[in-house]
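Okay, got some structures for you below.
Heads up, the next two complexes both have chain A, just with different partners, chain B and then chain C.
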Partner chain A sequence: MNSITYLQSLNSKLHQLLNSRDDIIILGEDIQDPYGGAFKVTKGLSQKHPQKIFSTPISEGAIIGVANGLALRGFHPIVEIMFGDFLTLTADQIINHLCKYKWMYNNRVDPSVVIRTPMGGRRGYGPTHSQTLEKIFLGVPFLDIVAPSNFHDPGQLIENCIDNGGPFLFIENKSLYPNPIYIEPSDYIRNFKVEISGEKKFPIIHLSNNDFEEVDFLIFCYGGIVPIVENASDGLLRDEEITSELFIPSLINHFNDWRISEKLLRCKNILIVEESSTPFGWGAEIVSWLIENHKISRNKTINRIGSLHCPIPSSKNLENIVLPSADFIIQTIKDLV
Partner chain B sequence: MIAFNVPQVGVNDEFVTLMKIFTEDLKEVNKGDLVCIIESSKATMDVEAPESGYIKLNAKTGDQVKINSILFYILKNPEELVSIVDQPLENSEQVNATRKAIELAKNHGIDLTTFSNKTIIREKDIQKLIEKRNGEINIKSGIDDQRWLSKLGTGFSEIRELNKSQKLIAGNLSQVHQSVVTSYFSMIIESTPLQKIIDQFKENNKIILTHTEIVIYCISRLLTKYPLLNSFLLDESVRFYEETNIGFTIDINDRLIVPVIRNCNQKTLVEIARDANIFKMKAIMNKVIPADLMGGSFTVSNLIDGNLLIFLPVINIYQSAVIGISGNFSLPTGDASNQLIITLGIDHRIINGKYAANFIRDLKAQLMSVFVDIV
Partner chain C sequence: MVLIRRFELKLLELFDLGLLTGTTHTYIGQEAVGVGIISALEDKDIIFSNHRCHGHFLAYCNETDGLMAEIMGKKDGIVGGRGGSQHIQYKNFYSNGIQGGIVPTATGMALAEKIKRTNAVTLVFLGDGTLGEGVVYESFNLASLWKLPIVFIVEDNRYAQTTPTEAAIAGEMVNRPKAFGIRTWETDSFDVTEINEFTSEIVSFVRNETRPAAFICHTYRFGPHSKGDDFRDKEEIDRWKQQDPISLFEKNNNLALESIKQISKDIDIQIERAVSFGKSSPFPSDLI
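== the complex of A and B ==
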């Protein structure tokens, strides 16, 4: 099993990209060495490539604005927004400018900007540094959102975003940075059988702890919540022999998996787990997608689990209550069965 | 009974190392006695007995023990051990299996470590194995029973189906009977020295000792010299057991069970007697679990209370020898003292007569010298 971490995958891929390509420029706050970024994703880059790494003033709107300009001139800027919570400051540049260029200039430009940002809680960083805000951007036209889980290779996904062209919001859940990632092809990971589907650039990972036969729960989840869902799923199997299949996309704002109809037929219930609060969120969109495009029999239950609809507390104990935990997921599923 | 959990010595530690143990299982300790030393990443710590009682350790020297897991138990009396034995095994977590699978396996005496599943072992995997195993047990006589029964010309007052464990025993014995070629060797032994040990033991250790345990003790010391007796024949090859696990018969409430005392060659006579007494107690309380009956490599059957001269015990499945103890009365040989008859049954396919005769001769010598050994 591969032993590199989520953080190492990102860092080594950025090194590799800067070594091999001249059109990549990285912008962000405090990303130069010796600090190397708040989460050390850009560690060591500025030493080797001082001309390509720019530590910027604390002005998120300006950072995206500069990146937009670079993209219009043919560069491939990668932007680091230190905390995902600060994306709100970039909203105008992203929504009103970046995502509209291609359309406004009749496809004569391809503003290929990748905006990397760490999201999520569980680190005790409090209400303004712990949120999961991608749901605010999920409905923006021409903006794709990628959120790799620990079953994806985040480094490879960054490269795929650049190759794909067009603006990307790249969500890194900060709780995943130290996690090992599973990128070597393997039929089984722990108690799960693994299948991969979807576009090659943005794969969807499927994990089943019942060999892809009928399961009690089909669970949709992405990003930082995945290891928690995985634990819950394993606990349910261990204690109650409740089986589940996990559906883990990397590109989270649209996906089309032809196998989903088949999966829906062989699951008894559907559950969507996300780290942000559920109202008007990703889970709601999944439910609409399932209902509009696929026939779901009436005897199936559909449920969502997310954080409480309130700011994230600084206190660790309270944060644990607000964010969905493995125990909470287990209890919810037990109540549903 | 008190369970002592590993304390959090250092804030960041998940495990401590058990460095040294100052006592042993079922030894009496007083409150405040030093039990062991544990070491965290930062310091060592003496662990004292929180209460007086008998120690049952849950880890051995050098083990990495998880914080908050049970390090040892303090029993009010050794008999409480039964309730620990009945608890699910601590290391069952290490086996990748669901709770239901662990329970089912435990109830059927199935060793989960023998599974080679790619992922977690489930209830259905155990059920499959049980079905397969039940299919293998063949109690049938080999003739057309139905046809024979129809010509019998008499009815039955009752047809009583065997219960699960009886079926298992019947199946095993049928299998042995069909394959093993048994040969028997008997010897007379004077009972008086053994009776002295038994009496002495009662006085010194307050432990009930019978002839069975003394014989088990002596056999266990001899089996390294006679490894064929601790083996069995399967598919044209002899498989020698690593451990010396000796089963002994308990006939209680018309139910014959053969619990197995493990690693007898590493145990003292006191420990063997203690183990045997625990099994006897469990048998009375009907608390013997299938796991207690598995893994025997040799069997001792004791029928000295039956006033029998001699009997021929049957060799158990996957074993090559059995000892029967009978007699214990004055024989008309002129000697007035009580005499025991020891009968050894062997699988003649792999053990020849001379080997067996030497063993039983050595066993006699061992039994005569055990008195010197212990007292």
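== the complex of A and C ==
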């Protein structure tokens, strides 16, 4: 198993992109060296490419607007929004500008901007630096949202976003930065047999702890919640002999490439686990998709697990109550079977 | 100026006939600003306009057929009927309907042209009301900090829809860009030639020094903000109409009545052709 981390994958890919292409510009707050960004994703870039790295004032709206202008005139900007919570300040630029121009101008332009941002809690940063706010952007037309898990290669996904073109919101759950990622093809990772489906650019990872035979639970999850679901899945197999299969997309707001096998559709229990709170969220959309496209029968259980529907507390013990934990997932599943 | 005036009068007529839907923001009265400014630009320069964009657009390219069809929502409009009156794109001309939101995008375009060393100047149109938007000041700051070749034009037509500037703007407008170290010009002229000369001076400063500039143009719109939202005194409007930029141009240039009539006649033919073009174009059906 290789030993590169989620953070290293991102950082080395940005170095590589700047070395190999002239049209990449990176903008964000405090991204220049020696600081290299709040989470060090841009470390070392400004030393090697001082003309391509723009540390900006605290002006999230303008940063996205400037990136949009650069893109309309031929560049491929990558923007870092220091904390995903600050995306609220960019909403007009994303919704009414960046994601509108191509369509509104009858495909005469095609601005490509990748907006990277760290999301999520478990660091004790409290109500305004811990949220999972991609939830409010999931339904924006022409905005693709990519949220790599630790089973994806986040650096490669950034490059794929750029090659694909168009506006992308790229969600990096900050709890994943130190995690090792699994990027070499492998049939098994730890207790799981691995399969990959979907478009090659934005792969969907399937993990089964029953060799892709029938399982007790089908679990949908993405991004930073994946290692937690993985732990819960291990615990359930070990202690309760409950088997599960995980469905982990990278492009989280399109169903185009999502396929559920007949075998899996016979699974009695479906669970969706997300780090946002569940009301009106990602899980709700998946449930609708399952019902509309897969005629899910009544003898199944379908459940969602997410954060409690309240701000993320600073106090560690309260944060642990609000965010979904492996123990909570295990208990929920045990109660269901 | 005559083309813009008569084109927009025609739009109002078409609204009354039920041939146009949605809304429109006319430029009538402000023509000297758009024409004076845009005629001072080079082909490579970029214009980002706003909701009140017809005047800027016609000053830029004279594409009456495409604009008329676009406002009618037809397939042969400049952007296939998708954008309508406020959202158009043609060559180096862009417009969008969100107040102030276009300003950072234009700033990014100026950065792009600076990096590419094209020596192109980007020009963005704001209104007095737009000065209420925070992202404008984020953009002023970045443009000055990064020495970007951009001109911020503020067209102060005295009202933000129905709110007079006195009720919306504290302090002097010119002090806003100046506070960011942006060299700022100001005029209350309705003379297109004078505005053109000012602009040439501003644009060559921006091009030669690679620095931003601002140009505050105090003007007046003779028509309502959009439709059915005019609460101004008729006397006030009539007083401003005495400064009509078209009459002023005729007077200053001693244009003979005959030549004015001929210009208007030619323009009306062009506009009628645009109306026929728009009418004969099909409605779009393709959403992709």
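Quick notes
One rule holds in what follows: the second predicted complex is superposed on the first by the 329 of 337 C-alpha atoms of A that agree within 3 Å, B and C clash if a C-alpha of one lies under 4 Å from a C-alpha of the other, contacts with A are read in each partner's own complex, and residues count from 1 in each chain.
FYI, a contact is a pair of C-beta atoms (placed from the backbone, for glycine too) under 8 Å apart; a residue touches a chain by one contact, two chains touch by 3 or more.
As the structure is a prediction and not an experimental result, all values here were calculated from the model.
Under the clash rule set out above, the superposition-derived model of chain A with chain B and chain C shows the two partners fitting side by side. In the superposed pair of complexes, A:Y105 makes contact with chain C only, with no contact to chain B.
Touch criterion met: A:F192 reaches chain B, while chain C stays clear of it.
In the superposed pair of complexes, A:E241 makes contact with chain B only, with no contact to chain C.
Contact comparison for chain A: of chain B and chain C, C touches the greater number of residues.
When the shared chain is aligned, chain C comes close enough to touch A:D92, but chain B does not.
Taking the C-alpha centre of chain A as the apex, the lines running to the C-alpha centres of chain B and chain C meet at 170 degrees, rounded to a multiple of 10.
In the superposition on chain A, contact of A:V287 is made with neither chain B nor chain C. Within the superposed three-chain model, A:I136 lies out of touch with both chain B and chain C [touch as defined at top]. After superposing both complexes on chain A, the closest C-alpha pair between chain B and chain C lies 44 Å apart. In the superposition on chain A, no chain A position is in contact with chain B in one complex as well as with chain C in the other. Interface residues of chain A, counted against chain B in their complex, comprise 187-188, 190-193, 209, 237-241.
Put simply, chain A touches chain C in their complex at residues 25, 51, 54, 56-57, 59, 61-75, 77, 92-93, 96-97, 100-101, 103-106, 108-109.
Put simply, chain B touches chain A in their complex at residues 96, 98-100, 118-120, 122-123. For chain C in complex with chain A, the residues that touch the partner chain are 46, 79-80, 82-83, 87-89, 94, 96, 98, 101-113, 115-116, 134-135, 138-139, 141-142, 145-146.
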